[in-house]
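Each structure below appears as structure tokens.
Next come two complexes, and both contain chain A; in the first it sits with chain B, in the second with chain C.
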Partner chain A sequence: MGLGFAVGVLGVLILGHAAYSTIQYRGLLKIMEEEFSGPPMNVVLELLLAFLFCIWAALSVPGKFLPINPDSEENRIVSLPDNLDFMIFNHRAKVSLSEIGLKLKH
Partner chain B sequence: MVSNTEEIQLNRLENQVDNGGGGAWDYLCLVRKLKVRRSEKVLKHGLSILNDPKKRSSLGPDEWTLYEQVAIAAMDCQCLDVAKDCIKVLQKRFPESKRVGRLEALLLEAKGFWEEAEKVYSSLLEDNPLDQVIHKRRVAMAKAQGNISGAIEWLNKYLEIFMADHDAWRELAETYVSLQMYKQAAFCYEELILSQPTVPLYHLAYADVLYTLGGLENLQTAKKYYASTIDLTGGKNTRALLGICLCSSAIAQLSKGRNKEDKENPELQSLAATALEKEYKQRAPTKLGLLISTLKSLKV
Partner chain C sequence: MAGRSDSGSSEKKSSEATNDVPTFSAENLQSNMKIIYYSRTFMSIIGGVVAGILGFTGLTGFIFYFLVMAITSVGLIAKAKFSVNSYFDSWNRILLDGFMGGLMSFVLFWTFAYDIVHIF
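Right, the complex of A and B next:
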């Protein structure tokens, strides 16, 4: 978590630096009066790196992935809830349970 | 619906609480969320929280929910004194509440005073004629008095108004099965599958009913629903696997003399048998011989 967050911050910083380099490069082009033919190598590299870092942070920081398939081991339904709205009380508890010691004390 | 992870978590928490490891409140919350009926444990652990003033006050407003939960659990365990005390506390806090009124009627039911309970319910219904819980209680009361046909009548009336209530459909289906009225039960399960198509246990129950009804067509449909259960549970449902084997052998017996234009897929049954053998080997090796001889007698 901490590592992923740090990588994310690093990615954003690199992205910022790439933006800054681009502005500088355009300024330089204006001074040298050359035509724009493509971004410089270091900006492209920085963008790629920042992209990878940000993706990694976005995947690892928010939490771990949960299965969504209904038939996966975690999600498969093993039993239905007991129908508590239709619960009835005259069953074997009347004779078998003798926990009379329980009491609400106030 | 109780999924596999939730069941494991519930059992783990129950074990922990039983052995004095704490987490009683979490356990009670989970029981409430999953709507399982473990009244004895709820009564024991809920009371231990309620009897401890420090723990009780730390719950805040959830305290009253716990009183209600413990009251119902106490009625289920026939500890009517505890239930009465809990309801008294709630009554003091919420004097005009319908929910507490319902609990009082529930207590009357638990004591077996049917007529008094019925009176309370009808007066509550006058205030709010669309209270689903009270309508359901009427059904349960008829059932508790052994008046199953009355319960079915009430349920049918209820379902005419609240058609989307799948709990009621399930109750009706189970009641019909208990009376061996399988055609009606099958209708209810169809309704359930329509409303919740991803719940494998409805497919399984429907298949069971169809298999019990018998006849070539029903058996073939039953086999399809067993197969869909397997699909939805990832092949972990033993009952569905056995159902496939039973259906296949019954179909083979019924269609013995006829020319088989619609030949059944023989792979399905052998696959089910293999899966069963694998599961038995893993979880109950001592019963493996029994399984193999049974499968052999079914000629799967």
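Right, the complex of A and C next:
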């Protein structure tokens, strides 16, 4: 989480620097009276780097996917509740039903 | 999780047709969807800024958006360890959800970055 966030911030900073470089390049072109045909090579490389960093951040920062299948490892209930001493397994239905004559399985 | 899986198990003996109803943890699915929206929104903002700095106009920018979303989808599938069915109930969740909302963010930041870099 922390590392991904830092990488994302770094990517955004590189993006800002690339934007600033492009603005400067436009200013240079204006002085030399040339037309803008495409951003310079170092800006393209910076953008690519920033994009990769941001993909990393976008995939790692939000957290992990949780499995949705009820039979997957993490969703299986393996621990018993803590208040086992207070659980009641005998209740009046056992007595009343046996009086009537129905037998309950134990 | 409770309601759907319970009804599925209780009717298991009565009819075979209800066994086909998929059971899954709705809470975990919702959490996964939130992660998907987060990633897509962030990637469309970043993609918009990149498209603006590169100076894309018109159709090129929208093609770039499709490209970015495709890369994001591949990244998300890789994040799900290529077993999409254990984290989502259908492929459309991972491929299409958040696409239109992301497009709005993309266009906003695309024009924003383009204006800052190329016009002012």
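Here is the rule we use: the second predicted complex is superposed on the first by the 66 of 106 C-alpha atoms of A that agree within 3 Å, B and C clash if a C-alpha of one lies under 4 Å from a C-alpha of the other, contacts with A are read in each partner's own complex, and residues count from 1 in each chain.
Just so it is clear, a residue touches a chain if its C-beta (ideal position, glycine included) is under 8 Å from a C-beta of that chain, and two chains touch if they have at least 3 such contacts.
The structure presented is a predicted model; accordingly, all values stated were derived computationally and were not measured.
S.K.: Just checking: does A:K94 make contact with chain B only, chain C only, both, or neither of them? Give me first, second, both or neither.
M.R.: Once the two structures are laid over each other on A, A:K94 reaches chain B alone.
S.K.: Would you check which partner chain A:G11 touches, where first means chain B only, second means chain C only, and both and neither mean what they say?
M.R.: Once the two structures are laid over each other on A, A:G11 reaches chain C alone.
S.K.: Have a look at where A:I23 lands relative to chain B and chain C in the superposition and call it first, second, both or neither.
M.R.: A:I23: touches chain C, not chain B.
S.K.: Give one of first, second, both or neither to describe whether A:A50 is in contact with chain B, with chain C, with both, or with none.
M.R.: So A:A50 only meets chain C here.
S.K.: Using the touch definition from the top, say if A:P40 reaches chain B (first), chain C (second), both or neither.
M.R.: It touches nothing on chain B or chain C.
S.K.: Tell me the contact category for A:P62 with respect to chain B and chain C: first, second, both or neither.
M.R.: second
S.K.: Overlap of the chain B and chain C footprints on chain A, residue-wise?
M.R.: Common to the two interfaces on chain A: residues 69-70, 72, 75.
S.K.: Report the residues of chain B in contact with chain A in the complex, numbered from low to high.
M.R.: Residues of chain B touching chain A: 1-5, 7, 34-37, 39-40, 43-44, 47, 50-51, 70, 72, 74-79, 81-82, 85-86, 89, 109-110, 112, 132-133, 136-137, 139-141, 143-144, 167, 170-171, 198-201, 231-234, 236.
S.K.: Taking the complex as given, what residues does chain C use to touch chain A?
M.R.: Those in contact with chain A are residues 1, 5, 23-25, 28-29, 31-32, 34-35, 38-39, 42-43, 46-47, 49-50, 53-55, 71-72, 75-76, 78-80, 86-89, 113, 116-118.
S.K.: What residues of chain A sit close enough to touch chain B in their complex?
M.R.: Touch residues, chain A against chain B: 69-90, 93-94, 97, 99-100, 102-106.
S.K.: Which of the residues in chain A come into contact with chain C in the complex?
M.R.: It is residues 8, 11-12, 15, 18-19, 22-23, 26, 36, 38-39, 43-44, 47, 50-51, 54-55, 57-59, 61-63, 65-70, 72, 75 of chain A that touch chain C.
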